[in-house]
Structure formats: C-alpha cells, structure tokens
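One structure is given below, encoded as structure tokens.
Chain nomenclature is as follows: A, B, C and D, assigned in order of appearance, with residue numbering initiated at 1 for each chain independently.
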Amino acid sequence: MSDEKKFAGYICTGCGIGERLDSSQLEMIATREGKMQSCKQHAMLCSSEGVQMIRDDIGSEGASHIMIAACSRRAKVEAFNFPEVAMTRANLREGVIWVRPDAPEHQETTQEMADDYIRMACAELRSLKLPHASGEQSLNKTILVVGGGITGMTAALESAAAGYPVHIVEKQGALGGQAADYAKAIPTRSPYKEPRDTGVAEMIAAIEANGLITVHLNSTVAKTAGAPGRFNVDIATESGAVSNETFGAIIQATGFKLYDPSNLPQYGYSSSPDIVTNAELEKLVKAADGGPIKRPSDGKEVKAVAFVQNVGQSSSEEGQLPYHSGIGDLIAIKQAMYFKDRNNDCDTTILFNNLRTPGAAGEDFYRAGQEKMITFSKGQVSEVVPGDSLEVKFQDLILDEETSMQADLVVLDVGMMPNSGPDPYAVPIVIDEKAEAASETPRAPTVTVDSILNLDYRQGSDLPHLKNGFTDSHFICFPYETRRTGIYAAGPLRRPMDMRQAQDDAAGAAMKAIQAAENAGKGMAAHPRAGDLSFPSFRMDGCTQCKRCTVECPFGAINEDEKGYPMFNESRCRRCGTCMGACPVRVISFENYSVESVNQQIKNVEVPEEFDEKPRILVLACENDAYPALDQAGMNGVEINPWARVIPVRCLGSVSLSWITDSLNSGYDGIVLMGCAKGDDYQCHFVRGSAMAHERMDKVGDTLSSLNLEPERVVVYEVAITDIERAPKLINDMAETVEKIGLSPFKF
Amino acid sequence: MAKKEVSYYPGCSSQTGASSSNMMRATQTMCDELDIQLNEIPDWNCCGASIGYGSGGELPRLTLSARNIALSEQHNPGQEIVATCAACWLSTREAKERLHEDANMFRDANTALNEINLKLNNQTPVRHMVEVLVEDIGFEAIKAKIKKPLQGLKIASYVGCQTNRPFGIAEESFENPVYLDHLIESVGADSIPTYEKKVQCCGGALAFSEPEKSQEMIHGIIEAAYDHGADLIATPCPLCQANVEIYQDQINARFGSKFNMPVVYYSQLMSVAFGRNSKDSALDGQIIRAKSLEDIAGK
Amino acid sequence: MTEVIATNQTILVVGGGISGLTAALEAAETGKQVVLVEKRPYVGGRVTQLYKYFPKLCFPACGLEINQRRAKMNPNLTILTMAEVTDIQGDVGNYTASVKISPRYVNDNCTGCGDCARAVSAEFDDEFNYGLGKRKGAYLPHRMAHPQRYVIDPAILGTEEAAKAKAACKVNAVDLEMQEETVSFKAGAVVWATGWQPYDANKIQPYGYDRFQNVVTNVEFERMADPNGPTGGKILRPSDGEVAKNIAFIQCAGSRDKNHLLHCSRICCMATLKQTHYVQEALGDEGKSTIYYIDIRAIDRFEDFYQAVRENPNVSFIKSKVASITQNRENSNPVLNGVDTEGYHRYANEHDLVVLAVGMQPSVDKASFPVDIVINEEGFIEPATENGGIFAAGCSSDALDVNRAVQQATGAALRAIQVVNRVAGTEG
Amino acid sequence: MSDLNSAMTERYHNSFLREVEANVEEGEWVKMCMQCGVCAGSCPLGNAWEHTPQKLFMMIRAGKREAVLSSDSMWMCTSCYNCIARCPRGLPITHIMHGLAHYAKRLGLAPKNQPTAQFSQIFWDNLMKKGRVNELKLGLSVYFKDGFGQGIKNALANKQLGQNMMKAKRMNAMEFFGGHSIKDTSGLQKMIKKAQEIEDAKIQGNS
C-alpha cells in the first residue's frame, strides 16, 4: 500500500436510515465538505456484499482512510473490521434516527444532526493516521516472581509449565514461606475431611528440578526499571552482591504478616506462654513431630484447648483490622484436628462469632470437625485469664449467659495482613505550581515499610494499595488490573486467602504476566484497550516541563528525565489519554486520537447563526459507559435533543480543556461531559481519568467568566452504562438550560 | 385387576370397640371394592406408638415392632406389611430401617426375639394404606370405581404429621402434600388447596397429657377449615381423626367457638363414593355426624 | 452450516458466562485460538441479570461492555451461541468435541434493528427477567446482548407470527428453515465454565415459594431492583403491585442443607447485604430489611461492607434459620416463623415481601457431564490431575463470587495454554 | 446408676456429650447440630419448651448435665417430626428428644409429676400387660394418675366425651374386664425383659 492517503466514504441506507434521511445530501456533504474522494451508498453496508465493496476499494482502489456512516461504532464491529486502514464511523442509526421522532416537523433538525455527524466523521478521519507500534518494544519472556512462598512457587511452576523461563527472588534462605512452618494444610481435595500435607517439599523439589526456573535466595529486589517486555531489575543478595536481569513481566507474591495480638490485653497473649497465635501453634505441632502436643510453659501434654476466633479482626476499633482473614475458622478446625487425631479425649473448643467455612470445601470441613467432636460455640470472648489452667471467659450467645471454660492452651485466631510495600499514594501526589523548582525530585509518599519492588517510577516504589494495604484490583470484573502494567500481585497480598485460592491466584497472575510480556513484545496495549497499537507521542519543543502528565497518568507510566521532560513507556501505557487531557500546551497525541482529531470534529459541526435559534450542545461521552448508555437509549427510543452532537472520548481524563474553550469560542451554547463514577467506588476503567476531568473542570469556571459566559453552560456528570434514561435527560436538561439563559453570544 | 394381598397390621385402636374401629370398617369396605385382601398379622402386638419411649427404651420398642415384622414374615411370607394407622406404620417402618442400618441393634433385637423362637429377616417392605392407593391402585382406577360422586362437598384435607413425616407418601412435599386433595377430587368432591393447616400437629398423644396445649392447636385446625368453607375434614390418621373430632365440645367450651365439624377418614369418603351404605362406610361411628355423606350414601 | 476451524492447539471454552468469557479472552489476547460455546443466545451469563455487584455497588453491564468489546475486536476468538457441548472424546492435547447448535432462526445478516419484534405480537415469559416480565416471540434477549442478533422463539414457528417476522425483516435475516446441527472439531485443552443456576426455590417447601406470591428469590430481586428491569426498579409485591417496604431476607435458602445443597454458596450473604442497599436506595428510611441468617459469611476483605450494613438502623439481623413461612390470608403478607437462637426469642414476623437467598447449584448435573471428569459430592469439578486437559473455571469449580470466579478463570486459561503450548512444542 | 447421676461434667468439654452419645438414643448426632434453630421454630408446641432442641444440644455441648436431664422440655415433644423433616443436618431430633426423655427418666432425673412422663409410663404398663393397648383402661389410668379424687373429677369432666364414644361404639365398657389381648402375652413379656436387660447392660457398661 502506498503512503498516499485516499479517503473513501460509505453511507448505509439500511435500518431505516435511507427512509429517514436524505442520503444524497449526506453523500454530497461527505464529498464536498468532508473531502471524501469517493462516497458510496449501500442498502445494507454490513452485508457481505457491502463489506466486500469496501474491501475491494481498500484492495484495488487504495483507500487508506474510510468513513462509515451507518450504525453505532459498537454495532457490527466484526463486519466493519479493517485493521489495515484508518476508520471513523458516523452514528446515524443509534445516534440520530433512533433518538429522534419520525415526524415531518422533526425532519429538518434530524437531517442536520446526520449532516453534522458526517462532517465530524470526515473531519476526524482526515486527522487520523493508522497506528503503528513505536518500535521501542522488545520481547523478553522471562517472568520475575518476587517471593518464594506457596504463591510465588506456584506462579513460577505454572509459568514454567507454559514454557516461560522464571526467576524467583526470595528474601529468606529457603523457599516455602510461611507454609514451610505449617504442620498440615486445610484440605484442597474432596472429601475435605482431613488436613493434608502442605506440599511445600514437593514444590521445592519440582522447582529445583525445573530447568526453566532460577532461584535467588537471601535476595531482594534492589531496583526495578523499564517496562513490560524490558524490565531491568537489580537483584541484591544478603552478601551485597547485585546482579542485573531483564524480565518481561513481574509477579509480586510477597504474602502476608500476622496481626500482633499483644495490643489486645484481654487475650493475655503477652502474659502466658500458653496463649499462642494460630501460626505459633503450627510450629508447636510441627515440633511435636507426630507425638503429643505439649504446651510451651511446662511441656505438659495438652488435654484441653480453646480456640479464640476473630481476634482483632472484623472490627471497627482503632488498631484492629476492619476486614477478616476469612480462613481463621477453617484453620481452627484443622488445628483442633491436630489434637483430636492424636488423642480423641482431648477437649477442643472453638469460640467463634460467625463461623466462616464457605463453599463446598468449607462446609464439608466444618462437618468433619463436628464428627471428630470438636465443640463449636458462638461465643464472645471477653478475657483469657492466665494461670496453670487458663480460664477463657466469654458470653455464650446461644445460651445467652456469661460463662467460662478451662483450657491448657489457648490459640488466638489472628488475621492476615498484606506484605505489600509502601503505598505510592499514601500521600497524594500534587503539583505545587508555586514551588515548582523545588519539586525537581518526585515527592515520595511517607513510607513506614521497606519497599519491595523499588520501582524506579515517577509515582512511587511499589504497587498502589487498594484498601488496608491490599494491592487488590479495584475492579470486580478485572481482578488482576493493577495500576502498574506488567506487574501483577498474587496471593494474600491481594486479599486474605488460603493455599488453594493462592495457588489459583498465582496461576491467574502468571497468565496475566505472560500475556503482558507477549503483548509488550508486539507493542500492543494491555487491558482494557487490549491490542491497541496507538501510543502517545509528544512534541518536545512545545513542552513546558509542567509534569502534569507524569503526575496525572493513572498508571505511573510516564517517568521524567533529568530536565523534567516526560519519558513515555509504551508498554506501561494503557492508552487512556489522560496525559493528553492533562497537557496544557497540547503537545501529546496518539496517531488515532488527538487533541486535533477531536477539535476537528468540534469545528466541523455547523453552528447556525444566532437568529436561526438552533443552539448547539457538545457532548463528550466516555466511550466505555456513557456512550453505550446513549446507544441503548437509542435502542429504547429515548429521545435526545437534536441540538446535541456527541463525541465519544477514550476516557473523560483525555478531555483537553482546549476542546471546551474552542467550542465555546466557536459558538456552542452548552457542553455536557459524561464520565464514569469517580471516588472510592470509582468505575472509571482508567482509575483516575474521570476524577482528573472533574478536577480540571472545576477550574473551567474561570474560563467561562473570562468569556463572560454563564457557568451553567459547562457541566460534568458521572454517568453509568445503565443510565439509559438519565443520560439523554442530562443532555435534554442542557437544552432547557440554554433555552433559559439564551444562546451563546459567540456565534458568527 | 388382580387381587392384591397384603399383610395387614391394623393396630390397637382399630380393634372392635376401640377408638378407630370405624376406620377399620370403612377400610375393609374400601378394600373389598378395590379387591385388596387384608391378611391380618397373627397375634400382632402394639407398636409402642409415639409415647412408649418414656418407659420403653430404644431396644424394647424396636423389639416390639420386630416381633410384628417377624410374625408377618413367618405367616404372610412375601406379602408387604400394610398399616392404616399412622403411628403403627411409622413405628414399624422406623424399626425396620433402624434395624437395617444398625447391625448391633439388629443382633440385639434378634436375641430378644429368640426368647420366643422368632427370627427377624427384616426384608419386608412396610407401607401405609394410602401408598397402596396412590402408588399401586392409582387415582384413575379409583375414579373409575366411583358410583356416587361426592359432588358439591367441600372437604379440607387434613394429612397431619405421621402419615406425612418423616417418610411421606409418594415422595410428596412434607409441607404441602397433595395426595389427599387428589383423593378428594377423585371421589368427586372439592378439595381446598390453600387449606393451611393440612400438616399442622394435633398434639398426638399429648392430647391426653397436655389437653390445653393440644386443644389450642386443634382449634386452629378446625377454625381454618371453617374459614375455607369446608363441609368436612378428611384425614388418613386415626389419632388425628379422634383428636380433631372428639374434643370439639371441650374446645367450644374453652374457646367459645361453635364447632360442629365432621371429621372422616378417606376410606369413608371412598366407601360412600363407591356406592356403599352408611353402615359399611362406618358413618355411624361418627361422634359428629357427617350428614352430607349420609345423605349421599342414603340416596 | 456452521464451520469451526480448530486444531489441537485450539482451546475450547464451554460456557460463556463471566468465567468462560474471561478465560476465552485472556487466552485469545495471549494469541491463542479459542472457540467459546455458549448455551444461551448471548454471552455474559448470569451476571447480565444482576443489577449491581458487591461491594462496590457498580454495574455488571459496565464490565460486560468491556468484555464484549474485547470479544468483538479479537480475531482469535470464535463464539458459538445457542450451542451445547454434547460429547468430548480423546485425551489431553487431542480432544474432539461435538457441539449441538440450536437454530436461532435469525442469521448473521441481522442488524439488530428490531423490525421483526415490532411485527410479532405473541408474547412469552421473559427468561432474562425470570418470568417477571414478557418478551416478544422475536426478541433480543437483553439490550446489550452480544451477539446483537434477534432470536425467534421456536414456539411461533409454523404460525402466522413467524411469517410476520420474516416479512418484516428487510435484510433477509429471518431464516425459518434453519435446522439444528451438530459440529465437531479439535481442541487441545478444554476450559469448563458452565457456571451455576439458582437453586430451585420450589423445592424449599417450608418457604412456600410455590404457594405464596410475595416470596421471591434473590435473583428475581436483582431484576426487581434494576431500573431497567420489569418493574422499573420499583420493589413491588407480586400479589398486589404495592411497594414492599418491610422486606425479609432468608439466608441459606437451600444452602448448607442436606435436604437441598450440602455446601455453603459463599456469595449469598454478601448478595443479601448488597440487596439491603437496594432497599435503602429505593425507599430510604421507609425501607426496612431484616436478615435471617445462620452465620454471616461476608467474604474476607469485604467484612467492612458487612459492618457498614450493620450500622444501618434500617437493617436488622436475626440469627435464625426460618422454620416456615405462612401467609396472612387478609393481606397476603408472608409470616416468618422461627426462633432467634441468640438467647431464644420466638417470632412470627409479618413482612411485605420475602427474598430467599437461594444458593448456587452447579449448572451441569453430575450425571450429565459429556466427559469423564472428577466431580465432588456437591457437583463441582475437582482440581484433579485425572482431568487431563480439562480445567474448571469459575463456579464449575466451587461456589464463587464474580471476582474470585474471574480470578480462577484467568488461572484456568493459563492451564489450558500450558497444554496447547506443549502441543505446539511437539507439533512444531 | 448413682455413678451416672453424679458424673462430673466440665463446661464446654466433651464429658457430657460423650455420655449422651453412649447412652441416649441417636445421641451421636448431638455434636452435628449447627445451631440454626429450625427445629426450635418448627415445633408445634414450641411455646411450651423452656429449652428448644437446638438449645438443648448446645447445653449438652456446654456440659449442662443437670439442667438438660431435669428439664421438662423434651417431654413436650408431640412426635410430629417437623424438626426431622426440616433439619438441614439430618439430625433425628424427635428421636433424640425421646432418647433424652427416656434417659432422664431412667436416671430418675425427669421432673416429678410431668404429665407426659406419667402418661408414657401408664401407656407402657398398659401395653405390657396384654400386648395391646386397652384404651379404656389407658384413659381411666390417666384420669386417676393423680389420685382417686382427681380421677373422679377428670372422669366427670370427660363424661360427655366417654358417652359419645360409647354411643359410636368406639369405646366399650366391657374392655374394663379383660379386653383385647395377644395370645402370647408371657412370650412378649419375656422378650421385652430380655431387650431391657441387653439395654441396661450396655448403659451400665458405658458408665
């Protein structure tokens, strides 16, 4: 294909478009105003003949840029799939005829809508290039696993089983992590009745025997630089030696720590050696080596043991965990079985509040525990009194009385806390405009724990936390989407979990890591714009080193060089365009999405003169949620005001303020921005995009007042994909507002 | 239809002059019509009912039933044991299952039976008469026999407890069994599908020892039948029948109600519908006369 | 005739719910060839019928949009809808699957314009809304259905109605001659993701779901709470259409019960806690929720969600498995009978509406798996090496919430990739 | 039996639970209760129970031997089997209640003058005599269980009932003299005696 651009337009007249609209007029607009070198109509463009017609034009006529005026860009995607050319779509079906009443008095305005969408699609097309990967990417398929516990070992074995080389970096002198100290594990295979072997020894042996796996013991990650496909990692050993390795992707499996019950005096943890945590009991049992379990104080065989559940967990009190490890009751059942299996006469009592034994495995194991005569009591423990025989005082919630029992040993169920490293956003990163000079070095958030990954990133050294230190994804549907592309968390640092879950989780994280490495090698974006080859570039000569892009990038993808210029990292980038929206001097753009490509659409809308009394409302709608909501409104026949012109944007975060000022300057009467929910329960697919847009738009008031315009003319909304009635209403509300306050004075 | 022979366990209250002797009579009539031959288990004994537990331990009670099963196996070989009394059926079937599951119990029971030179094989199915009707005979066959449909009668089906739980009839719901409604409809009467006291307990044996508590429950059973416009209550269970019927005077005195609700057996409904007279249908055994049934029987 | 191009390096994904879709997409986005087989006419499975997700109270449609876009864009993924795997033969790295494809009577000419639906007047219970509403005999199963292709209900076949649908279609998409067909193709590995179904509430006889109109299930409640659902998001009593204000939630309706499902379904506690938010959202302080439970099993990290609900004065908790429901004849109010076991308080509580938190039952009956596979007592697929190249994803493996199902499905995708990579290694 | 009566139980330890397992009908099920309370809510005489079945199970696990065995709660069981039908764990609750009642009575811990306990004794004695229950004598024994005076009162109060039954031929005054009987009464008594001996030996052996 030659580099020559050839523009071809196609207008579908099916689905009622031909009946409702003057398609010859549309064709004329496409060729005359839109500068399409050719424009064809088809009665059913998505049919195989229609698609073949386009294909032929691409193949034999050399069409390089095509404009399809038909249904929504969300419809018939598989039919209109021409990856070899640049393409835009004018939404005449869902966006025009389905949201307008089919009546003669509406004909004129409906046609005007369609006319404008043709103009916009043509204008956008003229400013697009077919995206190509930058060429900076490289394919390194080696996976780095940080942490050599159950999760890390599983991640390594699973990756290697798929044929990928792996390095494990483990801080301790041996693999195995916490589970290495366990006597047994909760059963993972039906019938879920007996504790099982932890499998740690077998896993270590499998790793040692696996030629694809390299293990670094007594080692930590001293520095991580680069991006997926080319992570450059310094591995430091205890001795001080540092080796440097390159990796395609990283899995962080650094596990958990246990809550320290010393702060809760009622449990007497510090006052008796016979009051132990569940983890300490494992060691005690392991030390017994199959023999009777003896209590620490005097080595007497334990004849009665009480398990105090839910210690310092699921609590709203200061210094305790607001969440729950979820598996403490299963652990207690397993541990009670240690005693019962050795000596059935040993009395084992579990004092719980809500017995958490979920799933098939959980409930089976609970019954198995009962069968072994473990006593379960819904009891609220108030105090453990130390002594030769320990007294556990509690409220029996079923018998509704204060009571107590005696035990030789008391086991406290303490919660799991993620070992996740410092949160980069523990202190929000802000740009202090006035102290710009002073902020040459990025402000590190206050860290109270040692970094684990030591990322050489603009936005902090480790994976961002979600809540309570967990690095879990915020997305229900996309549990692995961390905010650091190519770095995936697995195991209890994401959320509390048992070994079976951790192993499944490790496999999932390995899947994502492998995928990230593979796609980085091809220059393709990761989720949610998977496969996107477009990539932000910036014009250095225009850059003012303001650092907005490096700070606002939700994925920490952009570093800064010594002079404060942004350094984009293609394979860390998720292509949301938040940097583009952040840039005050408009130097950042994508080949297929730019300040210009949207600006051209805005400019090519025909803004009628004031006396026509036909206002124009610009709607910038997030393509992920708001735009589909408007599409569905069309399917439902919900009306949208004919003054509105909707432009889908990748994320509200990509909205450039210049689009707002330019459209106001060119006589638009109102602007509606629609993005996803922000805040703690954000639904923005790019995490911070919508929030950034809201913040930026807070300042748009200044622009409006400098133009002497009413502030109501620009509104920003959080719109969900389900807002099928509401989204059109918000647009229609703006039409009413404009009617109330009058047309913009900036009409020509 | 070939004649069906069963090993019949009538139970104490079915004996002449006993509280459900009327059921016995109607059952006999019904079985005559349906060609079911009832071969009584010779020298059967009391099952212990659901009150024997206080003094009789588990093994003695199981042994009581074991004796009946063993006698049946000896004298009526190859025939299923069929009972008409809920407690008899339940005790016998429970004993059979318990002795089947627990080898030690089975051994001990046989040791006791050995005292009288009996031996339990425990291979005999223990069934309720309504199972025979529903599963073996079938509603269609019953319908085919109807000579005098009980048209216009609205009948509350009161299944009670032990015919229903824990074994149930034809794997029906414990909460809302419908076989009795189907039987009522099969004889041409109207059932009350929403009758909510269908499986309410009448107090059982505690009607004797805890009359106040039991009569409160019975009151609810009858009241709901009235609320639904029932002409009659029909039941498969002798103790239910007795408890719901015979205390109505006392209940009226206690609750100020004016109940006078006939309570009959399914077998009585069927006997009348099959064209048999009041006497064969044991309608003279009612304490509260079932006038509407007598009228049909007398036609 | 449907043609499926597949080899021993192809991954077959059975079931197109959130787990199957995820496994298919993750593998396809890693460059693997994937065939996804889905029984319904659309992908997305049961999450499409949920109003919101816990704990974020965000909309499942939002993630569905992204996943569907991923599916539309990915050339490595073939989706067969209205299709069921009837047989799998062979061994790891070399399976042959037989797939039965039911006729949709609409071919891929369909533009989703809706002319056929407008032409047809026959209505049927809308399965998408669990029969709470009606749909036409020619229908798009739901607004975001992917593929965006209408379906002709076989019930109108051979009637005037079918002829009307065909006549209305301007693009020749209605094909009433379409026949059921069976295709078979190769696969190196299989991801089994047939998910779950709500436990049949009719079987929980003491709760009278089959007898009392104002007893509904939690999945039905999702549709009732959805503003785009059959009641427009109003929580209405089925008996009289009045707004239900005093709502009871019964936990473990069918779960943790040897008479029904032996297992704990894990998600129902969180689902109910979420649904109390629906009540609060719809009715404010006028809406009261009462949760009857055995143990509240809020899922680990989400315990704070539970605590927040506990602090809502409009929500109360009673530790009790409700014994039975009776009905007040006067007003059709369900009356819940039972004992609060914390301290022994007997109750007979009248509510406007009862929501049964029915449990998750594996979709495929233990006996009817088309392939020999290790299944546990509860009907879930065990993580067994004997399963060869067949890997369970999501709720086929255990009762899981969406988040965990997706997590587990992602891992299952890798295990399938391991197999096809080994095949590729030997086949070159 | 005295050793059983004075058995030491420690709270929340297994001693009493083990005793129940060994000596009470279906007692091995007690440990399987998960305290859902469905039995408690299903009992038709629920109001009359001081301790519901599920609570009794918890009390057994908590070692409250005296409180459990001297309770009159299990004597309220009407044998309706609702609890068994609904128990999600499949506990044979009705039988456990019968078993507990019987065990308490055997140990002499059952509450004195508990009407159902008395009735149960009368019933058993009645059936043991002839192998079949004599309803007339059973009724009279119940009326006269608290002495002659109270018996006359009870009989008068139920006079109408009795007359009704006689009229319907569902009660027969002749039953007072002899009445229905099995043929082999002595055999039956011998058999039951043997069964009792076996059971006594088992319980004695457990203590």
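As a convention for this text, contacts are C-beta pairs under 8 Å (C-beta built on N, C-alpha and C of every residue); 3 or more make two chains touch, one makes a residue touch a chain.
Everything numeric in this text was worked out from a predicted model, so none of it was measured.
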{"item": "Touching subunit C and also subunit D, the following chains", "value": "A, B"}
{"item": "Greatest separation from subunit D - chain, by CA centre", "value": "A"}
{"item": "Closest chain to the centre of mass proxy, which here is the mean CA position", "value": "C"}
{"item": "Chain pair, B-C or A-C, that carries the greater number of C-beta contacts", "value": "A-C"}
{"item": "Chain centre separation in whole Å, for subunit C relative to subunit B (CA means)", "value": "45"}
{"item": "Rounded Å distance, subunit A centre to subunit B centre (Cα mean)", "value": "66"}
{"item": "Euclidean distance of C-alpha centroids - subunit B vs subunit D, Å", "value": "23"}
{"item": "Sequence positions of subunit A contacting 2 or more other chains", "value": "355, 378, 398"}
{"item": "Residues within subunit D bordering two or more other chains", "value": "34-35, 54-55, 82, 86, 89"}
{"item": "Multi-chain contact residues (two or more partners), subunit C", "value": "206, 256, 319, 324, 341, 344"}
{"item": "Interchain pairs in contact, sorted by label", "value": "A-C, A-D, B-C, B-D, C-D"}
{"item": "Residue ranges of subunit C in contact with subunit B within the complex", "value": "205-206, 208, 210-211, 324, 326-327, 329"}
{"item": "Subunit A-touching residues of subunit C, taken from the complex the two chains share", "value": "18, 25-26, 29-31, 53, 56-67, 69-70, 72-75, 109, 111-114, 143-144, 148, 170-171, 226-228, 256, 262-264, 266, 295-304, 306-307, 319, 341-344, 376-378, 380, 382-384, 398-400, 402-404, 406-415, 417-418, 421-422, 425"}
{"item": "Partner subunit D, residues of subunit B touching it in the complex", "value": "12-13, 15-22, 43-46, 48-60, 62-64, 67, 108-109, 111-116, 118, 161-162, 164-166, 174, 200-201, 203-206, 208-210, 213-214, 217, 242, 246-247, 249-250, 284-287"}
{"item": "Residues of subunit A defined as touching subunit D within the complex", "value": "304, 306, 345, 347, 349, 355, 366-367, 370-371, 373, 375-378, 396, 398-399, 403-406"}
{"item": "Interfacial residue positions of subunit B with respect to subunit C in the complex", "value": "173-176, 194, 196, 227"}
